[in-house]
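Take a look at the structures listed below.
Two complexes come next, and they have one chain in common, chain A, joined by chain B in the first and chain C in the second.
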Partner chain A sequence: MFTHSPLRLTTLAILAAGSLAYAFVAGFYGMEILAEIAILAILVIALDLVAGFGGMVSLCHGALLGVGAYAFTVAANDAGLTALPAMLLAVALTSALSFLIGAVCARSTGIYFIMATLAFGQMAYSFVFQSPLFGGDDGLSGAPRPDLSAVGIDLTDSRAFAVYAILLVAFAYAVAAATLRSGLGRSLVGLHHNEKRLRALGLTVWRAKATAFAISGALAGLAGCLAAQHTQFISPGLLSWTVSGEALVVVILGGLGTLVGPLLGAILFVVLKHEISAITPYWHAIVGVILIAVVMSRAKGVFGFIEARWEARKAQPLVKEAKADA
Partner chain B sequence: MLETRNLTKSFGPIQVTKGVSLKLEKGERRVILGPNGAGKTTLFNQLVGEITPNSGTIHLDGADVTGLRVADRARRGLSRSYQKNTLFDGLTIRENLGLAAAVALGKGQGLWSDPLQSPEVRETVREVAAQVDLAPYLDARVDAVSYGIRRQLEVGIALATRPKVILHRTGHGSGLRRGRHHHRPELRRGGLRRVARGRQGQPASEGHLFGGVGRCST
Partner chain C sequence: MTTDIGFWVLQTLNALQLSMLLFLLSVGLTVIFGLMHFVNLAHGSLYAFGAYIAATLAGTLGYWGGFLLAPLAVAALGAVLYFTLIRSQRRAGPMAQVLITFGLIFVAVDATRLVWGDLPIGIAVPELFEGQLALLGVEYPIYRLFIIALGLAVLGVLTLILTRTQIGAMIRAGVDNDQMAACLGINVERMFFLVFVVGCALAGLAGAVAAPVLSVTPDMGLQILIPTLIVIVIGGLGSLKGAVAGSLIFGFVQTFGAVILPTLSPVLIYALLAAVLVTRPQGLLPAKG
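Now for the complex of A and B:
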């Protein structure tokens, strides 16, 4: 079951303080990277909620992000909504779509679940790609950023935008953590371990899965809004299944089912991508090698590795005592 | 508490359940016995809702539940244990019992509070843990404890729903086929506590039915 151990809380505090501090000292390039990390971080929080805790490995989260981004842009550009209502609408729409996907896929598990989500993702991709409403291959531009001038904040400034992005990550994390500590979150973990038994105890399994998927999808949609606001240009590539695959890599790299780990994974992934791709175009290969090393180490990702070390360190005195007794 | 009328079930040409009518009164304990292939599992699965009978009805506490699914019957107070331990591995014993109690109390889908912290659930966990002798192990992880403790938890989970009727399943064994079930102290002396404890290596039957278990007053 999900808990906030001291190590996790400390890590969160360091991440929050570190990223905010960095937002104030970074140059333009650094702030672009921060925003990119934030978008990925929200997406992987969403994915870890269902995949890491609920065992529902999804290959449509990239598409959900894309749906959020497109819904936001269309709502703002064509429906004439201002940025905040457009965001709310986009998040609600993505969430509703996710509920449907979750409800339909609820009956399948394992590889079949993955394939079913992939199929939904591909459907969304081709829909957006082919529909003239969404600009097809050319994509759409002109997504607005929220106008916070009333409180003296100008989000067109990249520093303000980076801070705003970090705050959205904090919000997404809080939503995911609260969900995991709710009745639904407890059931979600139970489902992962033994769906059959939970049903025999009286849980309406499909509804629990669909609701969890809807919350996760809402967060993915939020990541999509942020992505659209960041680059102010979106293309169908956002909905590609490779985005989902990449998100899954980040979750596993950071620590599946730890919620804190994927945040570390997002930072690591984006920084590695930029650092290594500056040296060699084969950065995917390097990330691949790191991923294999993480998986082979049998640790729950980078954060799982840290947690295991931390537990071992705490356990040490006990072992010594036992030896002294003997 | 639990009643079937003229239950029938066929698999293709083979009629397995042939007009079974049984009645379980409050406080009663009944055992389903029969040689291999007699249809015990088939009957059990119809009672819990995993398979639907071809005809006949199943009533739980006066209400017709024949058309209800597994989860719906569970919410009406029908609880079951499994022949092979079916636990939430990777969680602690406390979490296992807490989850069962939370779901049974209808808190399994809530968003605004942690059911594991609710007084009702904690109280249930404490009571059930005492009932099946698990109090000292509450914070142990299920995959780290012995078979015997896991077996106790299997029954504990079924009890944590505060059921009206519990369908208890034990393993295969020859003893019962020879009709010597009265040698089993758990059945002779009664008391679920005995069942919960079990004994290793004992002959066992397929399914037991217990009615109006524990403190249930209905």
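Now for the complex of A and C:
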């Protein structure tokens, strides 16, 4: 079950304080990076919810993000909605779609689950890529940012937008944590450990999986809305399976199944990407090598490593006692 | 247009050519999965590597030099990968394998960009197969007919090996139950290695034959990966018949979908894949019962 250990709470507090403080001192470039981190952070929180806790390794979360971004842009541009209702609609639509995907894929496990989600993701990608309604491979532009002038906030200002993005990350984290602490979250972790036992206990397995997937999809859709508002231009590339693959990489680098780790992973990934790509155009190769090294070392990512160290330090006296007994 | 017999012949040949190219790729991947339960997302990168080797050697040794050496070079690379990464991750579960081979794709794409640059490389069709052949009222490039013939030849050889030889029987036993096969005295480890290297060589061969018809670019491995995965999942992981069936289904659905239902065609194959996964999660012709 998911709990907030003191280490996790401390890390969260540092991350929140650090990012907010950075948002107020950073230049324009730093704020663009912050917004990029925030989008990725929401996406990886969504992915960690199903992959880390439910064992449902999804390769369609990039596509879900894209669906959210497209739904938001089309609702705002063509249906004439203002930004906030458009966001709600986009998130609801992505969530409903995720529920369907989750329900259909609930029967398959392991590599078949990965392949099935990949198929649905690619289906969405191909559909958007060739559909004239969604601008095809030209993409769509003109997604609006929410108008908060009523409370005196101008989101076209990049500092305000960065703070708004950080607040959305906090919201997404709270939703994920609340889900994991609810009955559904406990069932999800139980399903990961022993599906047969939970079936025997009377759980409707497909519904639990699909509901968890729907919540995760809603968060991915939220990340999509934020992505559309950030660049105000979207293209089918958002839905590509490599986006899902990268999100999975970030979850692993940060620490699968810790919820806090992926946040660290998102920061590391975006910063590394910009730092390394400033030095060499071959930054993907370096990320690839780091990924292989992390997976082969069997450490549970950066945060998993820190947690293991922390636990080992605390557990040391007990180990000595056990040895003395023997 | 659709009443013209030539049109159907032409599209059938196009579909067959795509199917055979995919078959060369997917057969290695599917047998590796069936035998070793290893998911190798970097299989497409091996194909791209084969294409680059063939394109490079075509300049000095001619097309046939590249055609022969590309599979060997890719097999050698496969052997290196086997001992460094694959062997230790065999029991690590699909998640770790997907991630490690995904990391390998990153490295492979940038390595090819570093060595061969970003621009596409094209090579000429070998002299022997230049020109067109008149067939049932259509002119069809001889080289593409050669791809179809090569695919069929590889299929024939593999079928013979798998059904008629001792090593084939051992591989089938390993796919069915590797622990029991090991108990019966089969050196399963060595067999894994052999199958992995042969699968890599076939990917290299596919790259070499594809080089003259497609342009050789760093992301060609990534582009072919999804079709290959679809083929083996539709067909059923681990089975030769499944790879054949999956390749044919993919080739024909893709080719005829594009000419008959152009608006729906990109979604068609994914919808088919989803339908297969929902109704028969193990694929159409799985290796095990």
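The criterion applied here is as follows: the second predicted complex is superposed on the first by the 316 of 326 C-alpha atoms of A that agree within 3 Å, B and C clash if a C-alpha of one lies under 4 Å from a C-alpha of the other, contacts with A are read in each partner's own complex, and residues count from 1 in each chain.
We take it that a residue touches a chain if its C-beta (ideal position, glycine included) is under 8 Å from a C-beta of that chain, and two chains touch if they have at least 3 such contacts.
Just so it is clear, the model here is predicted, and its values are computed rather than measured.
Undergrad: Given the alignment on chain A, is it a clash or a fit between chain B and chain C?
TA: In the superposition, chain B and chain C stay clear of each other.
Undergrad: Students often get this wrong, so check: with C-alpha centres, what angle lies at chain A between chain B and chain C, to the nearest 10 degrees?
TA: Result: 80 degrees, to the nearest ten.
Undergrad: With the two structures laid over each other on chain A, which partner does A:Thr204 touch: chain B (first), chain C (second), both, or neither?
TA: first
Undergrad: Can A:Leu184 be said to touch chain B (first), chain C (second), both, or neither?
TA: Touch status of A:Leu184: first partner only.
Undergrad: I'd like to know which partner A:Thr10 touches here: chain B for first, chain C for second, both or neither.
TA: A:Thr10: touches no partner chain.
Undergrad: In the superposed arrangement, which partner chain does A:Thr156 touch: chain B (first), chain C (second), both, or neither?
TA: neither
Undergrad: Looking only at contacts as defined up top, I'd like to know whether chain B or chain C touches more of chain A.
TA: Looking at chain B versus chain C, the one contacting more residues of chain A is C.
Undergrad: Of the partners chain B and chain C, which touch A:Thr82 in the superposed model: first, second, both, neither?
TA: neither
Undergrad: Report, in whole Å, the shortest distance between any C-alpha atom of chain B and any C-alpha atom of chain C after the two complexes are superposed.
TA: Taking the overlay as described at the top, chain B lies 15 Å from chain C at its nearest C-alpha.
Undergrad: Following superposition on chain A, which residues of chain A contact chain B and also contact chain C?
TA: In the superposed arrangement, which is not itself an observed complex, chain A uses no residue for both chain B and chain C.
Undergrad: What residues on chain A touch chain C, complex-wise?
TA: Its residues touching chain C are 57, 104-105, 107-108, 110-112, 114-116, 118-120, 122-123, 126-127, 129-130, 241-242, 245, 248-249, 252, 281-282, 284-285, 287-292, 295-296.
Undergrad: In their shared complex, at which residues does chain B touch chain A?
TA: Going through chain B, the ones touching chain A are 48, 70-72, 74-75, 79-80, 82, 86-91, 95, 98-100, 102-104, 106-116, 157, 161.
Undergrad: What does chain A use to touch chain B in their complex?
TA: 1, 178-179, 181-184, 186-187, 189-190, 193-194, 196-205, 207-208, 211
Undergrad: Can you check the complex and tell me which residues of chain C touch chain A?
TA: Those in contact with chain A are residues 33, 39, 85, 88-89, 92-96, 98-100, 102-107, 109-111, 113-114, 222, 226, 229-230, 233, 237, 263, 266-267, 270-271, 273-274, 277-278, 281-282.
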